[in-house]
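What follows is a set of structures to go through.
Next come two complexes, and both contain chain A; in the first it sits with chain B, in the second with chain C.
Here is the complex of A and B:
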């Protein structure tokens, strides 16, 4: 390979890249916020003893888990305006699509956490006279959140990567800016490498943190 | 001798005096419980207990020993019969759930389980004061003071701020006992609390139970440790197939059992020991 790398052309584009990065971070943060809160609500719904509360939540989760995220984004972008006659700004559309998708996956993470709480702990909290809501809030949820945390964080990283998909509907995120730069300068190799490195640099610390938390939890469990 | 008390001074005499002869601290009458069609764990079970009794329940596995404790704690219902506690109706079987009728009675019973049930996200102190502050309305300061006192009596003062994952199995079970005692129960239930422990830790937990016994705590204990049973019991109850086969003072049950089934069971388990 005798390709001559040239990163110089990018120096003039830092402003554009920075703007793209801000959009990407915004997408990741807001969709995680939606995902964490709504996912929690969905999880509580799926654990309900009433079918008519469980069922809609389950349907929602399966819909978002079982269709491609790219399709969900495109669908939100094209179909929501057609169906409801509302035109929301594309970034907000991105928040919604990514956030709802993440909520479905996070809800499953929360649920797994709740189900990992040993049955005996419930018995013990009944024996201590705690009421059902007290058992939920003081015993079950704190434990469930702890064991769900690594998965929630991994899902969070996932949604950062997935946010790149919104470039397809012309949201000017980091990926979109990169794509434009690459085509303008005919330098896809340098541009996409740089973009990849930025995503990597954003995700790696979180991934490391997940590993650290998991190791610590394992150590606590085996003692 | 000035033995530190584990049992908070309670008006024990109020019911001991009235129940010495009657044994109406706990009365089980015709209690029936089964899981599905096949597994009958209590078959028309009748049992009495006095407030100064320490019942040790022995019997083959599947004979409903743990179920009896779980029912008394209100963790599971019964299908038939009645249970009274301190002379008041406590649990009635039936088509409903067969769970405790009276929460305030249930709150006077404490239970310690076979598996570790300390809440791992709370410190030892957090575990001890959770129920007193949330259920019984104690202030955090009062509850903390009380927790300190109980831990000191159990020699676990230094572990006040430790987390369960930092404790040994024996320490965990002792903290679990302290957690139950925080609510000042009139009756303590012990469900095979030493069976998950390494042998060298069994004794420290049994010592705490002996301390409770010396302070006249009413207890029902399910154990496979016959030596300990003999040591702590005022009465040993042998159950099989959901019925009380035989009961009596430990000396009698362990040396001269009347029933052939009791003898058979004891020969088996004592051989294994």
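Here is the complex of A and C:
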């Protein structure tokens, strides 16, 4: 390999990269917030007794799980303004697309968690005379959250990575800034390597935390 | 504006062609990536840190960065770093294989862990060579147990393969976006493309459930 690495040209563009990183983090955090809350709501809907509540939620989940995230993002950016005649800020649109995508995946994680709650706990809460919302929030949710936590966190990292896709519809996140820097300076190697390292540095600690939690849960299960 | 899905039908032939390319790339990368993933999962259990650490780093790196940047990296940087000229198809497939291998190696690792240690002991007692042990005892069982998550991995690879449109490969996503731009009817075409992806991916996800409940109960435990 006879390539001269030169990270020099990047020194002038730290501001731009920092701005991009902020947008990426914003996208990841807000979409996670939407995904965590809405995902639980969806999960409750799919477990509902009534067909007319269960069915739309199921359709929503399957549709988001079975189509490419890129397509969902492009769809939101092109079609929502046309269909509903509204104009939404591109970053907010990114929140919406990524958040809804994550909600679909998270609701599956929650569902596995809810189904792992022992039957006896539900019987006990009925015997204790808890109302159904009390049972959901004080008995089911804490336990489901705990067993779903590793998957939810993995999905969260996934959402951070999916957020790079909004670069394709020209939201100026980290990926987009990197892409324009690479084409401006004709130095794709350094720029893309740096961008990849930033994403890696963001997701590695969370991935390690997930492994730690999983190990602890396994240890707790075998005890 | 009025929405009229009948504008999609004159283009069904070319959309189908795009779907064909998407499926061909997905299948090739799924098979090669899974095989590489199995080897990698074995290498991650090797005691020698000179082998284990780089492999672990590779897996963590490909799981920890967006596929989009991996694609760009292979597409733009491999030619510079290694001095090879890769055709666009080869470079996107290389990126997808590297990605799939990293993902499936984790799947296989889970499956390998679930193989009881008695089996390893039995292989030692029977005096099987490591090659025979891996090929005839470990691999079949690991494959069987890993089948449901592997299928899920294939489905997600199928979806992620839409990203190759961003480097100009004429897959389903690329063709759909192109037509929607040139006809100025994004609602119809993007929705149609989404439905096509859904129609392929949804039965596959159902298959995962079937495999899990039928096949595994009968053969694996």
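Methods note: the second predicted complex is superposed on the first by the 204 of 223 C-alpha atoms of A that agree within 3 Å, B and C clash if a C-alpha of one lies under 4 Å from a C-alpha of the other, contacts with A are read in each partner's own complex, and residues count from 1 in each chain.
We take it that contacts are C-beta pairs under 8 Å (C-beta built on N, C-alpha and C of every residue); 3 or more make two chains touch, one makes a residue touch a chain.
Keep in mind the model is a prediction, meaning the values are calculated, not measured.
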Residue contacts on chain A - larger count, chain B or chain C: C
First, second, both or neither for A:63, with chain B first and chain C second: second
Which of chain B and chain C A:118 touches, first, second, both or neither: first
Contacts of A:207 with chain B and chain C, given as first, second, both or neither: second
First (chain B), second (chain C), both or neither touched by A:143: first
Which of chain B and chain C A:167 touches, first, second, both or neither: second
First, second, both or neither for A:188, with chain B first and chain C second: second
Contacts of A:128 with chain B and chain C, given as first, second, both or neither: first
Chain A residues contacted in one complex by chain B, in the other by chain C: none
Interface residues, chain A side, partner chain B - complex: 118, 120-121, 123-131, 134, 138-139, 142-143, 146, 220-221, 223
Residues on chain C engaged by chain A in the complex (per definition of touch): 1, 3, 60-61, 63-70, 72-73, 76-77, 80-83, 155, 159-163, 165-166, 173, 176-177, 180, 186-187, 190-191, 193-194, 197-198, 201-202, 205
Interface residues, chain A side, partner chain C - complex: 1-3, 62-63, 65-72, 74-75, 78-79, 82-83, 157, 161-165, 167-168, 175, 178-179, 182, 188-189, 192-193, 195-196, 199-200, 203-204, 207
Residues of chain B defined as touching chain A within the complex: 70, 73-75, 103, 106-107, 109-111, 113, 115-117, 119-122, 130-131, 134-136, 163, 165-166, 176, 179-180, 183
